[in-house]
Amino acid sequence: MTTTLERKTVLPPSQHEFAEVVHRLEAGGAMLPDTPENLMQIIGLYKAYAIPMDFYWRDLLYIAERVFLDPVPAFKYFLPKEYLELENHYAGDNADLRIWRGYATAHKELLEFMEQGELKKKLPKLFHHLWHDRINMEFAEECMRAMLWHRNMGGLLEPYMDSEEYKQNCDRAIRAYFKYNPIMLGLYKLFPEMFYEQCRQATMTSVLGLFWEIMAPVFLEMSDIYDEGGFKGVPDAMNFLVNGIFAIAGRPIYHRVNIRGEWYDLVPKSKGFTWLYEAAFPYVEAVFYRTSPFRGTKSYNAQAKQIPADQNDFHYGVLYADKFPVGSAGIPPTLLHQDMFHFLPPYLVEYYQKFCRGKDDMLIQLGISFQRSMYCVTSAVIQAGRAAFLYPLDDPNPDHLRANRAYFEGQLNRFCRREYGINEAARLRFIQTQDYR
Amino acid sequence: MLSLLIAIPIVGAVLTMLMPNGITAKRASLTALTIAVAITLFLSRNFILSEGNFQFRESYTWISLIGLDYRLGLDGISLPLVGLNMLISWLIVFAYNGYRSRLFYALILLANAGLTGAFTATNILLFSIFYELELIPGYLLIAIWGSAKREYAAMKFLIFTAVSGILILVGFLALGWLSGDTMPNFDYQSLRQADLPVSLQIILLLILLIGFGIKTPLVPLHTWLPDTYVESSTYTAMFLGGLLAKLGAYGLIRFCMPLFPTAWQNLSPILAFWGGISILYGAITAIAQKDIKRMVAYSSIGHMGYILLAVSADSSLSLVGGVSQMVSHGVVLALLFYLVGIVEAKVGTREIDVLNGLMNPLRGLPTTSALLVLGGMASAGIPGLVGFVAEFLIFQGSFTQFPIPTLMAIVGTGLTAVYFVILLNRTCFGRLDNRTAYYPKVLGIEQIPALVLTALILWFGLQPANLVKWSEATAQTYSRFTLAELMPVPIDSAQIAIKK
Amino acid sequence: MANIVEIAVSNDSFQTLVTAVKAANLVDALSSPGPFTVFAPVDSAFAKLPAGTITTLVQNIPQLTRILTYHVVAGKYKKADLLDKPRLTSLEGSELYINVNGTFEVNNATVIAADIEADNGVIHVIDTVILMRPHWFDGIMESGGYSFRK
């Protein structure tokens, strides 16, 4: 159950719709209730997510640094060996800060999967690729697109990408990249803004790659700690994430392109962009909360204002996702579920076979566990925000505690908005019970 | 041969009741029905397609005092119906695994035997006996295995069907006594040659029309149907709708039209309109329904109206269409009731406002929904499926004679599509409700009856000759004119003055 | 009097801060005439941060510089001068939220010693490392029923 802290002064009970969640947050817990089942589900999904993520960050950096402005990038998902062996800065012996106790190159399970795929047969890579028997990078690109597309998500990177300095950096890189291609250079002269936009897309690809380069070892370490029994409950897991967020908050965010052996900086490290402000917060805002409505599988009536007119009101991220309509081809979260399905730890596979339709609807079951785990990550971000910008949970000053409570309630209010059916779409209420599977 | 077809299910019913438990009972009844199916296949193998009259005839004098002879015969109208009978009974017995299964199988077998007897009887009194024989199994099937209002529904069924039986019996008795001299003549073949005065024909025809009209059913004699079908269990509804209702339509084609040719001819314009009204009424009320089973029940009323239209047009094409419609309707209705039954069993509700999103491949009922779509399309007469074959033949055969009723029927077909789209849109498409969508899976063995019926729908739809060839020759002997000679027999104006 | 850097160096409780300022090459800047107002976190403030935070920052100087310059404001503001100034713009560019009613607070840090005069400005000693508040922070707090002085 939740840990109670010794406090000298105690606030009266909250009057919020989600009062029990507010109290849990104030006691150091997460939005997700603290039960062993929840802990097992979220850690299992962290592990299942970390391995595709290992591929995602490598391929994202490959696309941002090498593929860059390739007009027909048909093989951008075919990751070269060099990037598989790229060392993660936060794992292995040469790490800047060793978050995962394991090795820095591509994960063993990932390599195994890339060899044989789901079909467990050694076919030419192209067949595996066309059959979608691979890690589905489309999901990663969709996350990147959400971050690119939503403006005002915070941080200094976004205004920088509109600045003259950035455009000059892009100009240099574009000219170098298309040095032997007069057609593309001609197009660039005619439509420079288009190329700048492509550069911005490549920059966001790099940002996302750098963001996930850290999350992968974090999740792998959490899985290892859980396997050893080091987590007593969900708050422990969440606190690991909070500490992780602080530890790597200062990690630089940059974008550089390798053109014929030379490195060109589009966003140099010297600009001082940090992981916390320029990657993590925008990612949570753009991808966890907002993203975009599913295109092509659900009809929305614009006249009936079923889609918010203001992009900031979008509520189509994982925290609001309806996990049941799974299986429709091409919806990015479904692709992620398919990826995670390949790397589920055995204790989760066993667990899922006991409920709902067992093996048949495991994709939905893991999707819901994934949603719980992302609520835990969001809770960690919220608690990290509290620790960074507000007061400790055991602060003796009641004014400070009131500020903390206002912060928690303000965060939860985002899930309670009545417009556009946001409060019905938010899954916060559903995850409070174990029956939501 | 035909007697075997009647006797074997009866023997099977007795054996079933003697079996120790449900599993052995199912084996016994399935064995009996499989033999019956085999015999039916054998009969169809040896059926001469070009021969319009009765084949495989059997004739025994029984109670000559009242003119009741045991005479059986199979022609192009009865063969498809006997085949339908065997198929659906087999599927029902195969699929049912519930409460008091021994009694259930026995009742189905008895009803099956009675139906075969009714479809093959060439002595009209014998027909009445088999017709009445269906009452008790029908009543028990509804009363024992239905849902909340089953006793009410069963009683309603009993009363209406009994009245219909009495009217038919009265009509036949009158016909027999009036046609014979010293002895009543109940023999079908000779009755066709009999020539009663037209006024008499009209009176007898009206009595029989009401009798068979209750059974078919025709609006406004249909009020027993919605409650009966809805309150019955899935399998009972399949049996009642798929088979028992055919007795009424069969009576129209076999007895009402050929035995009273002049009267029928005189009344046919009114009858055609009656058919059209029945079709439109069924379709329009179906659109208003909120319970999917009730919707299917009303659609059943609509579809039987086509048969009245076909028979009143009385061309060989429309008669072939009428027989095909009986088979088509039987197969499609059985499929629809079966699928609605699965939805109800797995989801727990039949309400259109609550059901949603069943096409979901992981948590819904995808195969059932897909087959429901197909069944809906078949019912709406989409080409490539069996419904189109039947309806198109009826339209083609009736249009030149009765253009307005045919137009009403075509509009009815369009309206059928309306309510099926409503049904499918609300039930199959949309989103599953997260709070409640934890349904059990549909097992492979539960899919089999639906798949068999769907295969048949596709088979007949894609190659209609397989359905139509059986009844072509017989339809020729029953129709007044073919398409080639669309010259109606002149109507005597003095006789048209006689109304109801 | 000494300048800001010299005061920090001579004081025992600013060891971590001094190391950071030296690593970020801000010594010259903070020794210049200015004037500056510096909110200086004590060593225990840095110790409160979770393990690895300082390591990562020290490995990446531009990022460290940003955090450090957030603690510096151009101009000399003693506590009395801040009575009518709820916001100050730091050298980093983001705003500092000042509260002088009752306790003297900057963002979520309490000033434990105020108005330490230097040649090129004034130092206020704080007990927590302060971090830039994201643009959504005000909105969230208001939604929860808490409003800052404007």
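We call the chains A, B and C, going by the order they appear; numbering starts again at 1 in every chain.
Throughout what follows, a contact is a pair of C-beta atoms (placed from the backbone, for glycine too) under 8 Å apart; a residue touches a chain by one contact, two chains touch by 3 or more.
Since the model is a prediction, treat every value here as computed from it, not as a measurement.
Taking the mean of each chain's C-alpha atoms, the chain whose centre lies closest to the overall C-alpha mean is A.
In terms of C-beta pairs in contact, the better-connected of the chain pairs A-C and A-B is A-C. Most remote from subunit C, judged by the distance between CA-atom centroids, is B. Chain centres here are Cα means. That of subunit B falls 89 Å from that of subunit C. Distance from the subunit A centre to the subunit C centre is 31 Å, each centre being the mean of its Cα atoms. As a whole-number value, the distance joining the C-alpha centres of subunit A and subunit B reads 61 Å. Residue positions of subunit C in touch with at least two other chains are not found.
Taken in their complex, subunit B has these residues touching subunit A: 357, 360-363, 431-432, 434, 437-438, 441. Note for the complex: subunit A touches subunit B at residues 322, 324-327, 356-357, 360-361, 363-364, 430, 436-437.
By the touch criterion stated above, subunit A contacts subunit C in their complex at residues 96-97, 152, 154-156, 242-243, 246-252, 269-274, 277, 281, 285, 385, 388-391, 400, 402-403, 405-411, 413-414. Those residues of subunit C that touch subunit A in the complex are listed here as 49-53, 55-57, 59-60, 62-67, 93, 107-108, 131-137, 139-146.
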